[in-house]
Every structure is written in structure tokens, then in C-alpha cells.
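Below are two complexes that have subunit A in common, paired first with subunit B and then with subunit C.
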Partner chain A sequence: MGYLQGFAVTFKKLTEDRVTTEYPEQKRPKADRLHGRHVLNRYEDGMEKCIGCELCAGVCPANCIYVRGKDNPDGDPVSPGERYGFIYEINYLRCIHCDMCVEACPTEAITESKLFEFSFTNRADAIYTKNELLVDDDGMPQHLPWEDWRPGEDEMTSGWMRATASSGNAAYEGKVAWSGELGYGVRAPEIGQSQDAPPADTSDSGAH
Partner chain B sequence: MGIVGDVLDEGLEGLDHNFLTGNIEELVKWARARSCWPATFGLACCAIEMMATGSGHYDMARFGMEVFRASPRQADLMIVAGRVSQKMAPVLRQVYDQMMEPKWVISMGVCASSGGMFNNYAIVQGVDQVVPVDVYAPGCPPGPETLLHAIITLHGKIESGELTKRRAATGAGAGLIVEQRDGQASPLQIGR
Partner chain C sequence: MTDTQPETEASVTIVVDGQEVAARPGELLIDACERAGTYIPRFCYHERMKPVGMCRMCLVEVDTGRGMGLQPSCMIPVAEGMTVDTQSEITKKAQDGILEFLLINHPLDCPVCDKGGECPLQDQTMAYGPGESRFVEEKRHYEKPIPISDTVFLDRERCILCDRCTRFAKEVAGDPLIHFQGRGNQTEVNTFPDEPFSSYFSGNTVQICPVGALTAKPYRFKARPWDLEETESTSVADAVGSRITVQSSRNQVLRYMGVDSDPVNWGWLSDKERFSFEAFNSDERITEPMARSGGDLEPVSWGAAIAAVGDALKNTDPSRLGIIGGARLTNESQFAFTKLAKGVLGTDNVDAQLGDGLPAELVLGLPRATIDQACAPGGTIILMGPDPKETLGALFLRLKHAAVEDGATIIEVTPHRTGLGQYAAHHLHPLPGETAALAAALVAETPALDTAGVSADAITAARAAIAGDGPVTVILGRASVAESAAVIADAALSLTSIPGVRFLSALSRSNVHGALDMGMSPGLLPGRSTLASGTANWPNTPSTAGMSTAQMLQAAADGSLDTILLLGADPISDFPDTDLAERALANATVIAVDLFETASTDHADAILPAAAPQEADGSFTNLEGRVTKISRKVTPPGTARPDWIIAAELAMAAGGDLGIESLDDVWAQIAAVSPAHAGIDTASLDANQRDGVVVEGTLDLPAASGVSPAVADAYAYRLVVSRRMYDAGTILANSPSSAHLASGTALHLHPVDFDALGLDRGAEVTVSSATGSVSLPVEPSGDVPRGVAAVPANQGDIVVGTLIAVGDVATNVRVERGDS
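Entry: the complex of A and B
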């Protein structure tokens, strides 16, 4: 009669709670440091943060970023620096979402959102240019037709780990910290990952 | 002779019963999209996420896809999950050729889509050089939700008939043409 125990397990499972997340109807919450698709940020005045230094392209292990810098045009600068990135392309069929471009960026121009539900039906869609990556006038990521954004998701950003000084602040040298910056504005970096500090509250997205 | 008794002699007036007309193509496309059985073609770490998609927390059975067929003869969809080495490419093509029409391919993950970070001599730089790919799922690896998004995209394309028409017109999935520069021989030669 040993098989009755097997049936007992089966019938017990019938009454237990279901674990399935019905994906197209609902999403399960993302991990704090999930790396999604990138965004190119701006300052409050609408200037682009990218200065075209190509450090992100240099550090990319998959060679998926293509940046070219150019001198800012006289009288109508695109970025507050001397130069700006006039070509910025990320090939999402190569990007492995390692976040090293985010770590390398000296102006925090490129960060990652939490959007990971996207797929392409041709290769041309997978190459995101500045038109797709740059935040829109509200400072929020653009919603492309092949991406699955839900309300409120565009405010989430990938909290990322940083081993070097954030924005040149020497207090953060050598500490692993969060910087939850997305869209407009500059947000102060937070110590969130060191052992002696409590995790940062990333629900407050700060000054946009 | 039942309900179509005298239809040969009298045309539609020979029918004994009322009937509904419908577009059988729509029904076929609907059925194809909802019983899209994948072939097991896990090649690397993406296969772990593919298994996660099939298991309880994401439950691909909701789309009628829970049976990963080990025999390509019984599969409609090939999910290429992982990096394809040059040596694996002929095998992949053979499995694809053994699948029954109509068949679809999802290129899961950046390694299958373009070689990803393995830009070297051993890895095929994009599985669409070997088989026609219909949907690309980005990510390294794509999460189960990304794969589900790709699958839902594919279902939409199957149901709209867009893929079958594109296949018939060009014979290609995503319409990629690989041109060898400088008259080099193709790095991958199949069936020769």
C-alpha cells in the first residue's frame, strides 16, 4: 500500500497555494541590482550628461557599445562639457548587462533601468541609438513598442555597485555604494552595500 | 448521405441543415500558436533559464508549450538557448531540418543571437547564419520573463500569419543576409 503515500502528496498539492506568476498579466518584483536596458540621462536643464569620452565603449567586454564624441557646437551646446556623444549605439544582441559601462561612466550619463522584458523580431530593432536610449522630456525612459513597460516601472533604476568614488566625491572612495540615478538631475550617492551601513531606501527616487 | 446529401446536384440548396462558414486559416493559425511544442536545444547557461520558464514559477504550460520534445519530428519551435560552437552548428541545422513544417526558431540570449561576448573563432557569430531566426531574446541570459516575452511575440506573429508569409516570400526568418567580405569562403559550410 505504499503507493497511497504518493497519492496523498498529489492531493495535498491540489490545495496548496499556486506559485506561478502569470507573467503577461503580472510581473514579479525585480531584484534591487537587476540590470535591465540602459538609459542615457540628462541634467535638469535638458543637457545630455554624455560627454563622448568612449570609456563605456572601452570597458565593454562584449564590444556592444559604439560611441563617437564631437565638439559641442558653438552657442548651442548639447552637453555641459567640451564634447558630447553624437553617436551612441548599444547592440542588445551583444550586451550582457554587466553594468561595467555604468561603473566606467564619469558623468553617470548611462545607467540601467529595470526593464528586461523585450524581444526583437529583426536585428535592426536590437541596435538602440541615441534616439531610443535618451530619456524623454520628463526624464523618463522611452517606451518602445517591443518593450513591456508597466506603470511605475520607469521610475525604477538599477541600484549599482561602485568601487570607486562616485561623482568625484572622495568620501566614497573604495566603498561599495548605490547610486540610483535616472533621468533628470543629480542624486547623491548612498552607501547601501557596505557591512556597517543599512541598505539604502531605493523607493525614494530623489530629485529628478 | 448525411447533411451534405444532394449538394452535388442542387448546390447549397441541397443541404439539409444550417451551417456556419469560417476562415479555416484563422483556426489553423490559432491552433498553431497554442500548441507550439519546443524542441530541447539547450546549449549553455541559457538552458537553465529555459528550464525555469518551463517549471512551476513561470509555467510555460499556460501557453500549451510545456512538452519539450526530445525528437525534432514532434517539435514546432526550436529555442536555441546558448552559444553555438562551429562544431555544433551542423548538428543544429540537422535538428532544424528534421523538424516538421511549419517551424519557428527563437534565438535565446546574446550568444545565440550574435556570439555575445564570445567574439572568437570557436563560436558562431549569430545563429541566424545557420537557421532562420524569428524572434531574438536579448540578455545574458534572458530571464524567464524575457523568454516569455519572446514567446508571446512569436505567438502573435504566428497568429497574424506574418511569419508564414515572410517565409514563403523570402525563405528567411528575420531576413538576415550574411555577406562574406573579400570573397572569403563561408566560415560555416553545411551539407557539403
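Entry: the complex of A and C
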């Protein structure tokens, strides 16, 4: 009669809540710190945050970032200061989404969204350039045809900033907070993060 | 300064961090510690400049017998029994404090700064700094980068006032055009109002700046240090052969940096050397072979081009075939082309010099000096050649140092005052064409008489300097292309009677000395040997000496030379007689192997694109005869290929075989024919990267020709046409940051002669010689003696070559008001 016990398991499970979803029609909420496709941020005045310093490219363990800087054009600067990111490319065939570039960025220009559902049919599409990576005027990531964005998914593209001191001292215990995020402000601190993080509506234009 | 100190056995013992260390007497503590393996951080101290103790970063605790105390280690020489503690608490506190102070006003804009990643301030802050600053006050602000010259930007916010650039400009280059201004917190480095930092050596300040205050325009925001790859190589911009590192990113060369080669350039470069890479990156490079079809140059395949050129060479009678140029090639390529001409095609009409050099037998026959021998302390240097500041920048810095710091006596024997003039003890300015007479007077035993426009007193004083204890070196070259080489040759032969005299050739065109060593001159074979004495066992070696460039061009103009092969040469711009070059190239079948299209390649029937020095391995022979390695860093554009491969393929197409498939093959063949190059091969050049190998060996000297110039009428001036650092040469013209720096052609006259014309500064005058006449603006100049009319060569605006008839001993010109 042992096989009846087997059927009992089956019938019992029929009445329980399901743990699977009808993906991709339904999606489960993503983790707050999921590392997805990058975005290049802007300040509120529309200036690009990227200054073309190549620190992201230098730190990238997969060598998937290619950046070149250039003098800001006279009278029509692209970014604050002398230099801007003239070329910015990420090769998603190589990127391992480790977020080292986000930590290295001195201006919080590059952060990662939570989007991982994107695929390509050729190599050229896999290499995102500034045209694809830059946020729009409202600070929202661009929704490219081969990417599966759902409402609300472009929220929380900010990165966790200042894990260490600028001097490299790992024991640094200063303020830790999320970088500002156009359109959504600043995320509330998580447990363990500094409790006196900047208020949600702070301007992030002083970051440079 | 360590470089001038003799290597002595004597030493003093000091104690560095508890370890006994042997130091050289008189050595600075900072150097002694570094040699012993203890690096003391520093910003202002530079081993090739005098210490000033400006930055205080090198403070260490030193006991000189009066107890431990903080002292700047760059300012105290070592002494017996000195005790140093570079790790003590007090030393560390001093380092912390100095760095915190230096960063009070430093903007910390490292992410946008070109120096970020290779910055001594950044590195030493990380290694020795306090980590955090207590200063929260607003920093000092200045206008972000201001151009202080055509190639250098100054960012005063980043400056830490270390005095390196200002000391370099004043002490090393002798162009004190930047200086500290203001006091206290407002002290800044800047140029004088309306006077840019227009030094030929300005790029060195960028290299030695310990922060990002001085940055170079050609490199600005091009890359960051961590995406650069580098290889050590040799500069080919002039004949000094300065050692450089070639730095590239993504298969594009982005900058050259000077490398401290003790016998050659001491780490310094002229801006021409430093920024010449721009030309090799130029979009104007020829990227594929071209052949003329129906009047236009059309791209063709290499196979077709090599076959066509090979046919043309094979089907020309050897006596009606000429090869001009080759000074821009590597030694290996020069050997390959010499073998092609003299071993396969059977012509001796090969000349790497363009009528503006010296007879090859003379250069190879005179006892050679190295730069170190020429700059020996207490020596006497006779400058009988071009202005080294204009043509051989890194050599100029060495000569200046010898005169100012090491007590060398400079005797200027030039047609007018040179950039070295202010450091010279004696100024003899013979009339052009009469230099040989002056040289004879300098070595004569009889009482001096006024000679060649130089007073007897000046000659007597110079004789005394030559007779002094120190070694005598002659810097020998052509100061003016309007004076014939025979005059300088005769003068040099007179000077050989000075006991122990040595000669340093001042021929300036790139690897011209390699070309002479490889036999690219009529009558010569590789290895400093002649057609008669050479041991090359080649099938078709001609037995009689061929034609020089001047003779070849004359023959082509007359119709007795049919085919000219140009090897990186532009006779229309560089041959003294522009007219003759034009007629010759228009008359002959011209085949060019070159990087760029030039005035001369406009006449070409086929062009073969060659690889630039940074795109092919090889070696270089500098003016001392020092062979150093040229290293490949990037790939050539298009299908351009190294010259020696082109030579080998042309030999095949012409029915011969050079037997060369690699650089090792070339060196094996050179070793077989040239005892002078024995022991040199790719392996030994790799082993002696930095200092290279000096080639020894001489030829028999030619006999003096005894020329004297045509007597001029009392109204005539003697023309001087001299080269400048910046001109319309092919490399400079294709370098965006140097192309506009040519000064432009103007006639320079002594102020009294200028006043006699009764014209305003810059007014047009007509200068006419026996062969032509040109209109030029006229300027007074205190550097030019009376009776001399000085003009810069090849400035790209006005062609002065039409005034010169090549072979004339001197060129007499008349200067008349432009309206006549």
C-alpha cells in the first residue's frame, strides 16, 4: 500500500500555495540590491555626471568598459568641470555585474538598474554606448526594444555609495548612503546603514 | 649631482635606519638612501637639477653629531658617521604634516586630472599621508587651465610650488620664461605678461611636474595612465638619438616621455622630439601603394607596385639610376637599400644627404667624440656648425650644462650668434665662405692677423683657450646651406692639427649617421669602408664612386639620369637649390618610399608606403656612432610595411636576392662585412637597451680642396640660410600642435645695416643673388654680424632656395628696398 502515501503527498501539495510563477508574464519583485543593466546619470540641470575619468574602466575585472574623455566644449559644457565622457561603452557579453564600477565612480555617474532581462541577436547590440546608457531628461533609464521593462522597474537605480573612505581606509565609519536618483530621490537607508542619511528630496548637484 | 661625479673608491659610511651603508663622498643624503634601497618621499628634488629644499617632503631625522633633528635630506651631503632614521615617529609626523599642508589648496580633482594615476602627490599621499585632512575651509581658486605656450597648459590650483618647472626653465633650458609671482598664500607660477613660455624644451616641465599643474596639449584627456602600454625606444626626430618611452593605448601612440640615458639625453627631450609622434598618427599617412595612371596617383596592390618598380629599376642602366635619401630609415633598412643598390642593381649613385650635409669620408674619417667626451669638465668646445639649440635640442642642453656647471669653454665659430652664444666665452663670426681661413688662423703658429672678418685679438684669445689643458672637441656641421660643404671640410681638416682634438658631428637629420655607417653615400660600403677597402662580396658592386645628391639632381635635370628612388626624402623642400630639385624631379621617373605625400612625391610615378619608427623594430645610430634600439609599439596604418622588407621585395622583383628575411639576417650580414659593427645584433641591442653600443672605426681623411669664395662688391651681403627647430619639414607639418610654430621667413640684418636701408621693421625687401631673387620682410637682429644676411630655411611661406646655387662656396646677395 506504500504507493498511496506517494499520492497523498501529491494531493496535499495541490492545495498549498504555489512557489512558481508564470514567468515571464508574471515577475516576482527583485531584490533591492540586484545588479542589473547600468545607467549613466545626469544632474537635475541635465548635465551628465560622467567626467570620463576611466576609473570604472580601470577597476572593471572583466575589462568590459571603454571610456574616453574630452575637453568640454566651450560655452556648451556636457558635464561640470573641464572634462566629460566622450565615449562610454559597456560590453554586456563580458560584464559580470559586480558593481565595482559603481563603487569606483567619483561622481555617482554610473549606477546599476535592476534590469537583467535583456538579450541580443548580434554583438553590436550587446555593446551599449552612451546613447543607450544615458538616462533621459527625467532621469529615467531608456527602455530599449530588446529589454523587458515593467512599470516601476526603473525605480531604485541608485548605488550604495561610500563603502570606504577616500583614503582607502577600510575601517572608515563615515556616512554611508544611497546615491541620489533623479525622479525618485534618495532611498531610505537600510538597516545597518547610517541613520542620518540625507533627506529624500536633497539636491545631488553638489556631488562633484 | 651624481652624473658629474667621478666614480671613486673612497666612500663614507652612514647609518640608515640602523643599517650601515656606504655612500659616495659629497653625495646628497636623499640619493645615498635611495641607492641603499630606502626611498625618501620628495617633490622638488630632481636628480638632474640642483636641490632647493622647497617642498620639505624629504624631511628625515638626521644625527650629524649634534643629536637627532629633522633635516631636508635633499639639502645635506653625506658625512662619515651620519645617522638617519626615515621611519621614526618624528619623521612620520613631519611627513603627515607636510602632506596635509600641501593639500590645503590642492583641488583634489584627480578624476579629471591627466596626472591622476601617475601622480607623485597622489602616490605619496597614499603612502605617507595622514589619510584625512583637518582643513574644511574653501580652497584657493584660479582660472582652470591657462595655456602658457602652444603645447603646455598651466593649472595653478594644482601647483604645490615645488620649483621644478621654474628651475628647469632657468637652469637647464636657459629660458627663464616662467617664474614664481606673488607672495604667501597667493604665490603662483606664471609667465610674464604677454610673453608665452615659448621654450623649445617646454614639454620637459610637463614630465617633471610632480602634480597635474602642467599638462601637455597633445596628451590632454587622451587616456589615463592605467590604459597605457609602453616600450623603450629611440627618438628619430633628430640625430641625438634621445632615449624615449613610446606609450600607446588601443594601438595608437599617445605620447613620448624622455628616459634618463646617462651618456645621451639625461631624460630631457626637445619639444620636436617629444611631440613628433603626432605626425606618425596623422590621417595624412600614405596607407597603400600608389602608381600614376593617366596623370593621377591611383591605389594599386603591393604585388603590382613591387613588380612595376622592380622592372623600372632593373631596366634602367645602373649609371642612369640614383637613390636619394635614407637618413630617416633604421640601420637595418639602410643596409638593405645599400645592398639593393650596390649589390643587386649595381649603382653607386646613393646619397643619404641632401646637399646640406658634409662629405661622408670627412665625417667617418675624423676622430669621433662622444657627448660625454665633448662635455668633459674643463674642456674646450669649438662650435663650428649649426645652432645646436635649433637643430639638436638635447645636445644643446648637455653643452649648456658643460659650459655653465662644469667649466667647459665654448668657442663659437659660426656665421652668426647661436643659442649657445650666451654661454660661449669666445665669439668668432667668420664671413660665410671664409670659415676655413679662420680655422687655419686658429691653429697657425704665426701671430694672429685679422681673418675672415674676425679681429686678431679675438683669434689670439681663442687660441689660448684651445691651447688650455682640457680636451678639445669640435662640434662640426653646416651652419648654413648657402656655404659649401668644402669650406667646412677644409676648416675641419685644419683643426685636426690640434693635439688630441675630437669631433662630434652635428649633422641633424635623423639617422644620417647610420646611413653613412651603412654605406649610403657615393663611394662607401657598409661598415665605414670604401668601395676599394670594403669586404662586401656582392655580385654587382660598382668599382667607381657614383654621384652625390647634387650631382644626381644636376644629371637628372640635364637628362642623363632617368630614374630616381627617393627614400623618405623631399629634395624640393630640403635640397639647398630648390630650382634644381624641381627641374630634376620633373625630368626623371621618380619612385618614392615615404610616409607622407610631399612636394617631391607630387612628381612620383609610384609611391610605396613605409612604416614609421614606432611601427617597426630596428636600430638607430646617433651622432656619436651609438647604436640603440628602435622598438615597435603599434601596427602601421593600412598596408604600410618596414623599409627593409620593401628593399628585399624590390631586389626579388629586380632579379636579385638580398638574402634577408628578418632583422637577425640583416645583422648577420652586417657583421660579415663590417668589423666596426662586430658584436652588434638584435640580442646585444636588447641587452644594452638604455646606453646602446658605440661603433668605432675610421676612414682615411680626404684631402683639403682649398676653396675660397668669390669676391663680392662692397654692397653685397653674404647669405646665411640656417635651420630652425620648427620649420615646414614633413614631420612637423603633419603634427597638429607643432605645424604652426614655424617662425616664418624674414631677413635678419645687423641693426646698423638695417638702419642703412632706411626701412621700417617688417618692410619688404628684395634679396637677389646670381641665381634668383625673392621678396622678404626685413628685421634687425643683434645676433647677426655686419655684412651678413641671415634667413631661416624651409619655413614653408617663402622659398629662399632659389637664391642658392649648390656648389658655390658662398652666396653673395644684394638687399634692396622692395619697391625698386
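In this text, the second predicted complex is superposed on the first by the 160 of 208 C-alpha atoms of A that agree within 3 Å, B and C clash if a C-alpha of one lies under 4 Å from a C-alpha of the other, contacts with A are read in each partner's own complex, and residues count from 1 in each chain.
Convention: a contact is a pair of C-beta atoms (placed from the backbone, for glycine too) under 8 Å apart; a residue touches a chain by one contact, two chains touch by 3 or more.
Predicted model only: the values in this text are computed from it and were never measured.
Looking at the shared chain after the overlay, A:8 reaches neither subunit B nor subunit C. In the superposed pair of complexes, A:87 makes contact with neither subunit B nor subunit C.
When both complexes are overlaid on chain A, the residue A:123 reaches subunit B alone and has no touch with subunit C. Of the two partner chains placed by superposition, only subunit C is touched by A:51; subunit B is not. Within the superposed three-chain model, A:31 lies out of touch with both subunit B and subunit C [touch as defined at top]. Shared-chain residue A:107: touches subunit C; no touch with subunit B. Contacts of subunit A with subunit B, set against its contacts with subunit C after fitting on chain A, share not one residue. Residues 19-24, 27-28, 61-63, 91-98, 116-123, 126, 146, 148 of subunit A touch subunit B in their complex.
Listing the residues of subunit B that touch subunit A in their complex gives 56-59, 62, 110, 113-117, 119, 126, 128, 134-140, 142-146, 148-150, 152-153, 157, 174-176. Here subunit A touches subunit C in the complex through residues 51-55, 57-58, 68-71, 81-83, 106-107, 165, 167-169, going by the rule given at the top. Listed in rising order, the residues of subunit C touching subunit A in the complex are 109-112, 116-117, 126, 129, 131-132, 144-145, 220-224, 226-227.
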